[in-house]
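Two complexes follow with chain A in common, the first pairing it with chain B and the second with chain C.
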Partner chain A sequence: MFSWDLLANAVVAGLLLGGFYAAVSLGISLIFGLLDIANIAQPAFLILGSYAAYVMNEAYGLDPILTGILFTPVFYLLGALVYRVYYGSFERRGEESLRGLVFFFGVLFIIEVSLSLKYGVDYRLVQTGYTGKSIEFGGVGIAFRYLVPCVVGVAMTIALYLFLGRTFYGRAIMAVSQDQGALRLMGADPVQIKTIAFGIGIAAASLSGALLISIAPVIPSTDRDYIGRMFAITVLGGMGSIGGTLVAAVILGVVESLMSTFFGPSWSLAVSFGILLAALAVRPAGLFGR
Partner chain B sequence: MRDVDAGYGAVRVLHGVSIEVREGETVALLGTNGNGKSTLIKCIMGMVAPESGEVFLETDGTRVDLTRKSTEEIVSLGIALVPEGRRLFPKLTVEENLLLGAYRKGARADIERNLEFALDTFPVLRGRRGQLAGSMSGGEQQMLAIARALMSSPRILLVDEPSVGLAPILVSRVIGKIKELKEQRQLTVLMAEQNFNQATKIADRGYIIVHGKIEFEGRSTQELRENELVKKYYLGV
Partner chain C sequence: MNRPRALIGIVVATLVLIAAVGLIPVARAADPIRIGLGMALTGGLSANGKPALLAMQIWKDEINKKGGLLGRPVELIYYDDQTNPATVPGIYTKLLDVDKVDLVVSGYGTNLIAPLMPIAIERKLTVIGVFGLANNEKYKYPNYFQISPTGPDPATSTATGFFELAAKQTPKPQTVAIVGADAEYPQTALVGAREIIKHHGFKTVYDKTYPPSTVDYTPIVRAIKATNPDILFVASYPPDSVGMLRAAHEVGLQPKIMGGGMVGLQFTTIMNSMGSKLNGIVNYDYWVPEKTMMFPGIAEFFKEYQPRATKEGVDTLGYYLPPYAYAAMQILGDAVTTTKGLDQQKIADHIRSHEFSTIVGKVKFGKNGEWAKGRTLMVQYQKVQDGNIEQFRQPGKKPVLYPEELKSGNIIYPYSAALK
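This part shows the complex of A and B:
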């Protein structure tokens, strides 16, 4: 059963979803794409951000996005701390590749299990003032519940893009994995630069988590739905390309939305990864990889 | 630098090396491959820690011990290195490479002026500001590496093997640029080089390093040219 209305609605919903996916993937784009650190615990920080929004909403009735923004310094520090532990225990000794992966796997489990123990495995959702609202343009409905996260996601993308291209710290973050010794010769401390980048990456994940829990219900193991998606978007967009991350996120968002509208939601992830593989076969560096 | 011993692990490369570079001089450090030129430069930049000896910077009577400082701290004192092999950030654009050169706090205020100066000095870079550094030719990359070092407003410029991998015509252009820059910016220059003829064109004086020891100190380029070691190693006489 095909109709143009259905198609238009699916495409618009996909575009909005894409903006949100961009927010979810920015952190890993920074940490994996630019720093070359395979932080597979990233989606756990996403969910941690969701629960921060949930707790603050239950206790004080705070808007999730407001909580997300208020908590970014906390998560920045948490991210900086995680990186320092990782650096001191693995990277400094040159054991980052495999043991580092195990470390982040451990972090992922600790966060997931801690959340399960504290808050149980019930689905949690944060209702906002705009949750049920939507506007309609010629038969195409735009739900605020998707529109707001999309706008925040695009704003985060622009902010990160400008930070990387226009600031000294940003440019140093882009350079650090290419030649650390040369970065020292510019007067920058590579460990400090990576700490800052990692902190920002985790803060971005937590803010996206706050967006997530206003879109759909979350349980501690929701991180598993996002781990593949965020890495796929980062690789498809081109490692470390922030603009590429947004484009790839929108592509995946639209494809997932079309698939779930016309063929059922269970197809969407498989097709997303199909696109990733096909794109990489043609362009191994991703869409916008340098 | 006084009585410096240095090396990597069990391998000692420098044996009791002492050299001095005075303000406003261009000093050449001459030697063929594997004699310790780069190691000496790395000792100055804090990239190799000397086992013994002193490395220091003296300004108006105050003396700063460089052996206890990190590379970043040494750079922030106004010492810049154009490293061997150029060490550009290949996946960043020419402009991004240049702007990173101005990372140190003391250089940020002058960033616009330095960028204009760098692009005026190396016009080839102006047209390629948006190009990835890794996609340029060797000569252009060497120009960029020098320009990037200048972005940090250095007082002292160290240049390690600027001629390696370049065609002869480019070597004399690069060396000529270093001289030009030295005069325009009142730099103090220490240049490690194996191309004797090119290096002595711009040097005030020089040292010859053989197997990690300073074998000869020439107080002028004339003295260097007439030295027996030079005749033996470089001129094949």
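This part shows the complex of A and C:
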């Protein structure tokens, strides 16, 4: 069944999917990769972002991506609040490892159940002007439904990369991930910096959740499908490496797409995670890990 | 024996007898009849579990308004099984041993009915299953009954009508692609499809499965398109049904007939969101508002169900599962009333040997507790417009093409013609 057309289409579809995966994983890359906080509730915030996009689309006809951008301050504040509770209850007492994990499990279930109670459990999806449209370049079809999330995902990655490398607060976040004690000696407050970083990580979920619902239907428990992928991409890319997250996401996307096209879609996830294991065996810190 | 002592003896004996009778747990007229169940109120199947529970509650409310069963009110005791089969044994043990329910019904779906089967067999319970696919195939437990109209051979129930319709078209399609999720229902449906394909002599050009958590369906659809099939049979759950359909439109996949076993396209929110993209799809269904499907009581049921569903945020139209969940309770209630008691065996014997008039029509159970004669419909989405939920309340948008006795419209063939 091999043809160059199919191969080119599979690679392009994989690249687009990778861009979306990057958008979905950026928040966890920041929170888990840089701050070492196992925020298992990140996918629930992602779905919260999807529902925000759905509600605004139903009520005012707003484009999901616009909603995603508009809601980032709200999600930032929510993230900052969650981190403060987590810090006050666990991290300050040095009990963050196991009890913190349980805390985030709790947050995940609270978000899931709250969404179920408020919006029911029907599948929700959003139709945009570009859903269902595609363009073709020399036999390679590009669906806007994936192109737009990919472009937004890459833009988010570049923005976060520049923020972390070029701004005062970004560098402070990098510093807090490397040596909190040293940062404190310089007169900065690590808790304040971590609050900002956590808030940004959750704010990213607002936008990536909006991307998700423009691709596929969502119910409150859809978050569980993304836990594995998010953490796998973060670990494969290298803990704390934003560029690595994009590369890992693209690798997973392209592998999934190639497997789906040529060898049967059943193998796609197994092979993707096989690559993760192989990569970690060779480079335990991930592809671009510190 | 002197008379005063004999009198005292009689009085004491009477008092002891009265006290003893008082200790025996005899059901009084006011004691409710308890019906227990676990139901998917959260998790993956909750989009169907909640409407099913609502339908059962409507039945309970109506029967209580009429004075209950056997002159006793009916109470539903339910727990959320979280769409997690591991919770089912615990839920039913609690229902039976702690809540002391009189009767049980199953939760929604094959995976949640499977763990109930050993408990039902061990405790000799009568169970009506709510939309389980071939759960009793292995056990052949005589007191299990299943309410979805898949018929005596559930595995082939979706494929039979779909491929029969395909085989009748001129020119007859030759090649077929089949695809489905790696999950219980799609796998069973695909096994059935392969059997029917062989029967009709079609040539299979694509036969693959995909993981249920797949995000992008375009590579799969593109691979199918490369094989250029005349027929595409899809066995999918709601997210993949939407994913496959959107990808088919983006890639321009247009076999001559497409659909079959796509779960989710019957749900209100999905029908409303997908709109005109549904046109041409030939898919299974269980109830549609066509003239041939207007059984006694169904209109009244929807009059009660739809406002309550809107209020509770569950499937607003509720055509897929709720009427059948209600019918399951109708059958159970009928059996209790007719047998004048709560004896599990008598109830089962009655259900097995009688035909019931329900809001989904006449129901008679046969082999393995499935409907004696299958009645899985094949409908085609026709002239569906975007963003108009009201259109689905009227006949004509999903005419019944199969079976012949319920037919209410003609197929638009090939698929591309229905897109115009």
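Before moving on, here are some points about what is shown:
To be clear about the criterion, the second predicted complex is superposed on the first by the 286 of 290 C-alpha atoms of A that agree within 3 Å, B and C clash if a C-alpha of one lies under 4 Å from a C-alpha of the other, contacts with A are read in each partner's own complex, and residues count from 1 in each chain.
Just so we're on the same page, a residue touches a chain if its C-beta (ideal position, glycine included) is under 8 Å from a C-beta of that chain, and two chains touch if they have at least 3 such contacts.
As the structure is a computational prediction, the values presented were derived from the model and not from experiment.
Contacts of A:282 after superposition on the shared chain: neither chain B nor chain C is touched.
By the touch criterion defined above, A:168 reaches chain B but does not reach chain C. Number of chain A residues touched is higher for C, counting chain B against chain C. Using the contact criterion defined above for the overlaid structures, shared-chain residue A:189 touches chain B, although it does not reach chain C. In the superposition on chain A, A:181 contacts chain B only, with no contact to chain C. When the shared chain is aligned, no partner comes close enough to touch A:59: not chain B, not chain C. Considering their complex, residues 41-44, 46-47, 49-50, 83, 182, 208-211, 213-216, 218-220, 222-223, 226-227, 238-239, 242-243, 246-247, 249-252, 264, 267-270, 273, 275, 277, 312-315, 386 of chain C touch chain A. By the touch criterion given at the top, residues 45, 47, 70-72, 75-76, 80-81, 83, 87-92, 96, 99-105, 108, 132, 148, 152 of chain B touch chain A in their complex. Across the complex, chain C is touched by residues 1, 3, 6, 9-10, 13-14, 16-17, 20-21, 112-113, 116, 118-127, 131-134, 141, 143, 145-146, 215-217, 219-222, 225, 253, 256-258, 260-262, 264-266, 268-269 of chain A.
Residue ranges on chain A touching chain B, taken from their complex, read 165, 168, 171-172, 174-175, 178-179, 181-189, 290.
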